[in-house]
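The two complexes that follow have chain A in common; it is paired with chain B in the first and with chain C in the second.
Our next item is the complex of A and B:
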């Protein structure tokens, strides 16, 4: 198992840095996701860790040893590509054997290791198939097996689920995560899909414009986003504004106490996730702000409402469909004050 | 176009393309003394004459030797050029392509004359086969280049990256991953090089040394003074040889010919 440490890593193609002095420490066996929109530098970072791109500046350490000048083929990485990149002229077995042959392992050990890894990815009996004879999900598992069978120091995955359909994608999330836990390999996973990053990772690195916006556990990222950009990228969010006075923000939902140093009179942005809001009938007598239902979208397990508050502000609310409200209904909205998260002062 | 009409149409085209070959082959079995069609009786007479003609036999050996060397050299250079063109040329891509195809665009006789000047000005002369092979490589290069770069277009660079991540160095990546996957293009290009080299006249004529001869030159020479069916026998052997090369490489190397 390997600890990976990225220090002030920078990549500049000549038009300003694509990756700008980022530092990440990845613990042994940790599953880290690099999450961000396209062009945020996440793939470039992965390529630098793999060695496909040279770093302009900075260090990448595997267990303390700087590998920046080690070529890809000597870096001992396992990589899964977006389109799997299985060798089309080789059977599954030959694909898996390739990396082991490069390591000059004896034939019988190669055979044992392949049998073991095929069992691990549940493809025993497929060793004589060619990649074109496999489904997308099976190809994906072969690609994983090929990366893992060499027992690399670190596993790198570049949007590996992007080409699969929605149902398979969710299955593969669980599959990859379980496999990674069992093997215990340090893993870096690149994705632009926040749900993928959240469900699979120990920690998520959110990147924008070549910089790290936030590093944290999925719940850190979701519940305590570092700024507006992160809050909006990771799921739906309502931005509630209010003036600070005496460590309290007065909002349409009532007064919300805030910790942190905000000057009185400043206008603050608060993040409020749609599912943190409760909806109550207008005549329930509970405390809450009155609002009107603008529209609702039923998706089976959940209902999404768009509501208009008395102030004219629109909020999105997500609830379980126990009580349904019709468009135009008057309702009460209530949000516990600990579900608001300050994002900063309105510029 | 309706189906029966289309079938007839295709048959006519094939007949048009193959009729001259058929005429030559049939004429070669002529028992008479002159090259005529239809033949006057059938015999292997002229084949025996041909096989016992040391001049022709020497010419055919020279041609095969040159075609083989040309194929190997052109195959290597053309494949390397195609690899550069597809993966590394970048902004130079169009320039590289035009430069590689230039020998196809220039009149062969011009290329031949310039080469003749060239081999003498660099002191190479025409005493040995070097100048001739340079010429043959030059005109066959575009065919290797076109074939290999076409098969490179369907080569996913991620395959090389994957091999590299698994620990394969540059040479191993080429030998075990890229070469097997672009093989149809390489073999197709090499076959073109062989056949064209075997068949080319103008370049060989200009660059041949005194007393040296390739099969097409010898045949031309022969037909200037003789008009026997031996010429048809020579041509038929040449056709059979060329086809043998194609068929054998398909059987041995598993070539799927897409662009013939």
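Our next item is the complex of A and C:
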């Protein structure tokens, strides 16, 4: 098991930094996701950890040893590529044997390890197949097995589920996560899919424009986003504005106490997740903001409403479909004050 | 699967123009050559009455002709091999190298094809001749005493053939390498292979379809080359193609010339088939 420490890592292709002085400490056996939109530097960061890109500045340490000048083949990494990158001219067995042959392991050890890893990815009996004879999900599992069979220091995954269909993608999330826990390998996972990052990771690194916007557990990222960008990138969010007075922000939903150090009179942005509120009939007598239903979208387990507050502001609300409201209905929006999260002062 | 009858003829219709063209202008004349090769030699006519195996008998009984086939094949092998060795790095560079000089690279690779075959061959005689630029320069520098025999031998023919057929080797290999996902090489590196090992175990075997196509093209073209061997080989070294034309045009022996032409085709085809068998790729669908 390996601890990975990235210190002030920078990559500049000559048009300004693609990765700008980022630092991450990854604990032994931790599953970390690099999450962000395309061009945010997450893939470049992964390539620098793998050794495919040289770092312009900074250090990458595996268990304290700087590997910046170590070539890819000497870094002892296992990597899974977006398109799997299975060798098409080799059978599954030969694909799996490749890394072991590079390590000059004896033949019978190679055989035992391949049998073990095939069992682990539930592909026993497929060793003589060529990659083109496998389904997308099976190819994905071979790619995973090929990266793991060499027992690398760290496992790097570059958007490995992007080419799978939705159902398989969800299965593979669980599969990869379980496997990673069992093997206990330090893992860096690159994705632009926030649901993937949230469900699989111990911690998520959110990146924008080559910088880290926030590092935290999935619930940190979702419930306590560092700024507006993070809040909007991870899931849906309503931005509620209000003036601070006496450590309280007054909003359409009532007064919300804030703990931060905000001056009186400042206008504050508060994040309110669509599922954090309750929708009640207008005459229920509860506290809340009256609103009109503009539209609703039913998706089986949930209903998404677009509501217009008396102030004219539009909020999105997500509820269970137990009580349905029709378009044009007057409703009461109840938002508990502890579900608001301050994002900062309106610039 | 049941195919609706209307659709079954679709593909046939699409290939019909090409098939008709090849049928009328290649297959029929070829059949004519086959028939011709069994005709009796004529006296003042292209062929005489009746049929005979004598043309083939003449071929096999005179070692001169067998030797010529062997020479021609040998020139073909060497030209192919040299094209492969010289062409592969160029193909790799064009496929994987920096894009800055790619257009220039293409132009340079294709340039031999842009010059007419006769002009190009005469160009080589100016360079390779006993009194040619190369020999005069080397003599002038005092590096050699007399002219090196660069022309009127197999060496000169091979040099000139390599020059003109190199693009036919480079282009298929380049396109094969371009078709290889670069992440395969990255995957090999991540598994512990050095750049050299990754090339040997991944890139090279995956570019085999291009090597195969390029080798067959160059080999077949070398066997059938006429203008270059006849201009550079002169009267001393003759390839089969030259001898066939001699037989047909100079001595007017149409039946024997046809037999010679067919022997060249058949031996060439045998080697292409053997080569194809040796380089069969099990991993391809």
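FYI, the second predicted complex is superposed on the first by the 347 of 347 C-alpha atoms of A that agree within 3 Å, B and C clash if a C-alpha of one lies under 4 Å from a C-alpha of the other, contacts with A are read in each partner's own complex, and residues count from 1 in each chain.
Quick note on the criterion: a contact is a pair of C-beta atoms (placed from the backbone, for glycine too) under 8 Å apart; a residue touches a chain by one contact, two chains touch by 3 or more.
Model, not experiment: these values are computed from the prediction.
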Chain A as common anchor, with chain B and chain C clashing or fitting: clash
Touching partner for A:79 - first (chain B), second (chain C), both, neither: both
Which of chain B and chain C A:130 touches, first, second, both or neither: second
Residues of chain A touched, compared between chain B and chain C (which is higher): C
Which of chain B and chain C A:150 touches, first, second, both or neither: both
Partner chain in contact with A:88 - chain B first, chain C second, else both or neither: both
Partner chain(s) touched by A:315 [first = chain B, second = chain C, both, neither]: neither
Residues of chain A at both interfaces, chain B in one complex, chain C in the other: 50, 52, 72-74, 76-79, 81, 83, 85-89, 98-99, 102-103, 146-147, 150
Chain C - residues contacting chain A, complex: 181, 183-184, 186-194, 197, 201-202, 205-206, 281, 283, 285
Residue ranges of chain A in contact with chain C within the complex: 50-52, 71-74, 76-79, 81-83, 85-90, 98-99, 102-103, 130, 132, 146-147, 150, 156
Residue ranges of chain B in contact with chain A within the complex: 156, 158-159, 161-169, 172, 176-177, 180-181
In the complex with chain B, residue positions of chain A that touch it: 50, 52, 72-74, 76-79, 81, 83, 85-89, 98-99, 102-103, 146-147, 150
